[in-house]
Amino acid sequence: MSSEKRKLISIITEAAIEVRLCEALTALGARGYTVTDARGSGSRGVRNASWSSSRNIRVEIVCDEAIAARIAEYLRENYFEDYAMIMFEGDVKVLRLDKF
Amino acid sequence: MDPVVWFFLLGVVAGVARSDLKFPAAIYDLLSMLLLLTIGLKGGVELAKTPLAGLLPQVLIVLAMGLLLPLLIFPVARLFGRLDRANAASVAAHYGSVSVATFAVGVSYLNERNISYDSQLPLFLVLLEVPAIVVGILLARGIKVGTQWGKLAHEIFFGKSIVLLVGGLAIGWLAGPVGIAPLEPFFFDLFKGVLALFLLEMGLVASSEFRSLRNHGWFVLGFGMLAPLPLATIGALVGWSIGLTPGGTTLLAVLAGSGSYIAAPAAMRIAVPAANPSLPLTMSLGVTFPFNIFVGIPLYFSIAKWLQG
Amino acid sequence: MDPVVWFFLLGVVAGVARSDLKFPAAIYDLLSMLLLLTIGLKGGVELAKTPLAGLLPQVLIVLAMGLLLPLLIFPVARLFGRLDRANAASVAAHYGSVSVATFAVGVSYLNERNISYDSQLPLFLVLLEVPAIVVGILLARGIKVGTQWGKLAHEIFFGKSIVLLVGGLAIGWLAGPVGIAPLEPFFFDLFKGVLALFLLEMGLVASSEFRSLRNHGWFVLGFGMLAPLPLATIGALVGWSIGLTPGGTTLLAVLAGSGSYIAAPAAMRIAVPAANPSLPLTMSLGVTFPFNIFVGIPLYFSIAKWLQG
Amino acid sequence: MDPVVWFFLLGVVAGVARSDLKFPAAIYDLLSMLLLLTIGLKGGVELAKTPLAGLLPQVLIVLAMGLLLPLLIFPVARLFGRLDRANAASVAAHYGSVSVATFAVGVSYLNERNISYDSQLPLFLVLLEVPAIVVGILLARGIKVGTQWGKLAHEIFFGKSIVLLVGGLAIGWLAGPVGIAPLEPFFFDLFKGVLALFLLEMGLVASSEFRSLRNHGWFVLGFGMLAPLPLATIGALVGWSIGLTPGGTTLLAVLAGSGSYIAAPAAMRIAVPAANPSLPLTMSLGVTFPFNIFVGIPLYFSIAKWLQG
Amino acid sequence: MSSEKRKLISIITEAAIEVRLCEALTALGARGYTVTDARGSGSRGVRNASWSSSRNIRVEIVCDEAIAARIAEYLRENYFEDYAMIMFEGDVKVLRLDKF
Amino acid sequence: MSSEKRKLISIITEAAIEVRLCEALTALGARGYTVTDARGSGSRGVRNASWSSSRNIRVEIVCDEAIAARIAEYLRENYFEDYAMIMFEGDVKVLRLDKF
């Protein structure tokens, strides 16, 4: 199968910043992204999604190494300090190369 | 006591007892949408009955109050709360702005006692929502260059709560009492029930805020308990000075004495990231809201009556 | 103007202004379920009052219209829209089928004016939903071998909108006016409000369709604006020829002149994957729906009156 | 037939026909919350009208019945069902406990016929929910050491259904008829409609349970069909012996003859993991519930009348 | 821990095809699948889940290499051209081998 | 970018045990977790989320090898036999090391 390696970036953060974050991702060169609603717990305590300000989202971006690095850099500079946010990166094989 | 308040207590009990009772996010969204739309619609219908002409001066005074309140709160939060600039500004924005649910409980408190209130109050609710947020942001960031004011303004003025309140107002005003009639069963007759469910959810959230109280130290508890009365008194004085009825004066006091937990948190989270979002939320939802619905509202009402003579 | 239409405008404004107002998917599902069930129930109750005997000829004529309309639309879309076969067929299916929300606005338009309509109209709504979709699929795929017609038919006839409409009709008919009475507060009294919220959501979606207008070129705009009138006129003529009241004739015109955006999109997406789903949706939701609720419905009503008198 | 029952049938038909009709989880949660709260509120308002003094003996007898029923069911499930200990205990817990929806259908059955029932029935509903679950857990685990009884008890008594039922009861009782009045349009007038939607969803689920029937063998079908009558008869005798009205006796029979599918499954899943959750659910939802709403309730009513005179 | 390597296939596509897609996956030999609701943006524009026809789903399948290849093949042939869809594949270690 | 390898544990199981499971995860040393609602199909049949008792959740934990092993061990002992549950483990690179 004609496939190739890409990075899968997963960001879990506050729903409040969804719009701005997704705009930024596109600006940083991501060809697309996927968002799912989530809840959870971490260093900033339990965020259980019942009240609007305690909702999480899980944003996933499939992209190449360069963009992945740019996104990581951007998040560290703009969000890590002030927002409930984690980010991790995995390796994936994709089809439809043109799309990523 | 107004039965809707029991629902808040039920939520608190369930939350404190760590029950698995939980509102789906979608239901919370529906309830808050209905709350905002209905308050807007009711207000619009009332406005449609009254001439807007004379209103302008009142509007300006109320707006002025909205700009003043946060400026009074900020130094208090800085001094007594020893909060840094961002957090003090955030508290100022939350308490300068208003709590829609507290207003709704106030309205239902007056209805229970068949006390009428001036038709422009819902308009004032809308007017008071935004200014304090803007002031709060300015207090936090100053007139920094590089701030995308346009984008910020857009996010604040087109935030969903404003859109629904203003939209409801406009529709109610355009349609008028007759036009709205067919919508009454859904929006007006159900209002009390919708509010009850919303308060149940608020009780659940408040109970979790109680837990984070200790993380925040005494100022949160102290400010949440002591700030409402002076703020409400200012609101009552303003209401009285612009010649509102006792009912209207009470509601303006309620608006001044309550802290926002829908519009303000959303706006501040984006505009002032450095501010800890849980601090003002614990204050307004965990302390001030319960205080207002149990102690504040009746108190403000007696103040209003006393002012009127 | 009917206040529910203001909600659509509010949605459009909020959407165009890129407000963060958004309906949770679950709420959209609830609203559309209630819309479909209620229309079915109302129709069933009405049917229960009238003898079904004489209805058969009318039913056949309406079904015939449902098969005819897409056949008229297809060549137009091919020629003037220069659309490929799949997309032209998809447009034919969407506009041959009907818009439940437009019908609901039409009903409330008539109610506002105390104009009665024939009890079989909701039945016609159901009858008109499916045929055009089937014709559209045939136009797109031909009688290709290998097509799982059984599976397709099943997906179409047991799609949720059909199930809820037919189910509502059946329950309303079986229960009759007396039996339904205890359900009225929920289904009938709230209907106007549910419709208002649904239109608010539709406004939000329509606004995003506006944006994709330019991607689609002029035909989408042109067809969306110009097709309703001739189609509705056919509906009006049919209604008049089978002896419907002016109210009933208006609603049949509304059905003929409106484009589906619930049943048809779902069915075509599965049955004709090659068709671009956003093309007919932009037409029916972004252009035709607004046209109908602001211009079409009153127009069709005057046509109906003119035909009758 | 009571129209709400038609909605259950519609759900079954849609499910059996594998329609894509589906309730969002959030809507199911909302509907069940409203169901539980409303039943509680209604009961509380009724209780507020009657002196609680004389109630204690009745309460104790009903509680005793709640402890007895599972002890009768357990051996039957062991012997005839050849179920292992965990599964037999789980069945005992489900059928010893009660079905809120069946109760609601029973109430609406009586309302349709203007038959009154004793105000303490909703209280009995609450009382009967828990004991059987506790007995079931004991039957399954024995007094094993290491069991976190405190934690378990907490999860059972503060499970959402109990919290909403008890909370509703308390609020209704505290507010009384007058206090609740403003909440009536939302909670009481809409009740029938909410129940109808809930039954529609139950029909969808029941239809999928039908499918898993064959996986479970004959006992599930047999027990689901045959157990309700004897159990309900016990309930009717108890109701009669404590001097309930025919209406009240019918409802107590309904409670005894119905199987839980909200509180019990949740509790047993955590407390007795080894028990197959689908077994009792298929019984109570796929067999007993339909049996009760179509055959059982009328039957129990005639038994109640016969007992009374 | 007695575990072994498997593939984790992630498919993000239109909710409209959920039923058919899941049937196909089972037919292709998948022992199970998991679906979550999602929204997102890609080459076919923004799909923000508010309107029924603009909803996405995220389907995940844990399976062996062979089935993974078959699924990829099947999607390329039947869906890639006409539907908003992406697919990517990662490596995972699983417990309960019997289940995959 | 100062990052390091961690394990991403994914658990898909019955919503009924969410509270207990998350408590256990914290007790086992996880610094956080993320939960999303899901539906699906597997050896215990279709769980389509319409009825409360047929809902799934997807729990994800980013943690180090040791904790990952402990979680796997714990799940095998306490849940695998009686509950609809699968678990799989992948490799991820994380930022904000302090958090995991």
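Residue numbering begins at 1 within each chain, and the chains themselves are lettered A, B, C, D, E and F in the order written.
One rule holds in what follows: contacts are C-beta pairs under 8 Å (C-beta built on N, C-alpha and C of every residue); 3 or more make two chains touch, one makes a residue touch a chain.
Keep in mind it's a predicted model, so treat the numbers as computed, not measured.
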item: Path length in steps (a step moves to a chain that is touched) from chain A to chain D; value: 2
item: Cα superposition angle of chain E on its copy chain F, in degrees to the nearest 5; value: 120
item: Result of counting contacting C-beta pairs for A-E and C-E, higher pair; value: A-E
item: Type of chain B:chain C copy interface by residue overlap (half), same or different; value: different
item: Gap in Å, rounded to a whole number, between the CA centres of chain D and chain B; value: 41
item: Whole-Å gap separating chain A and chain B, where each centre is the average of the chain's CA atoms; value: 33
item: Shared interface positions of chain C, touching two or more other chains; value: 20, 22-27, 29, 185, 189-190
item: Residues of chain F engaged with two or more neighbouring chains; value: 36-37, 90-91
item: Full enumeration of touching chain pairs; value: A-B, A-E, A-F, B-C, B-D, C-D, C-E, D-F, E-F
item: Complex interface listing, chain C residues touching chain D; value: 24-27, 29-30, 33, 154-155, 158-160, 163-164, 167, 170-171, 174-175, 179-180, 182-183, 185-187, 189-190
item: Chain E partner contacts - residues on chain A that touch it in the complex; value: 1, 3, 6, 8, 22, 26, 31-37, 62, 90-96, 99-100
item: Sites on chain E touched by chain A in the complex; value: 10, 12, 36-43, 56, 58, 69, 72-73, 75-76, 80, 86-91
item: Residue numbers on chain C that touch chain B, as the complex places them; value: 2-4, 6-7, 10, 13-14, 17-27, 108, 111-112, 185, 189-190, 192-194, 196-197
item: In the complex, chain E residues that touch chain C; value: 14, 16-17, 20, 37, 45-46, 48-55, 79, 81-83
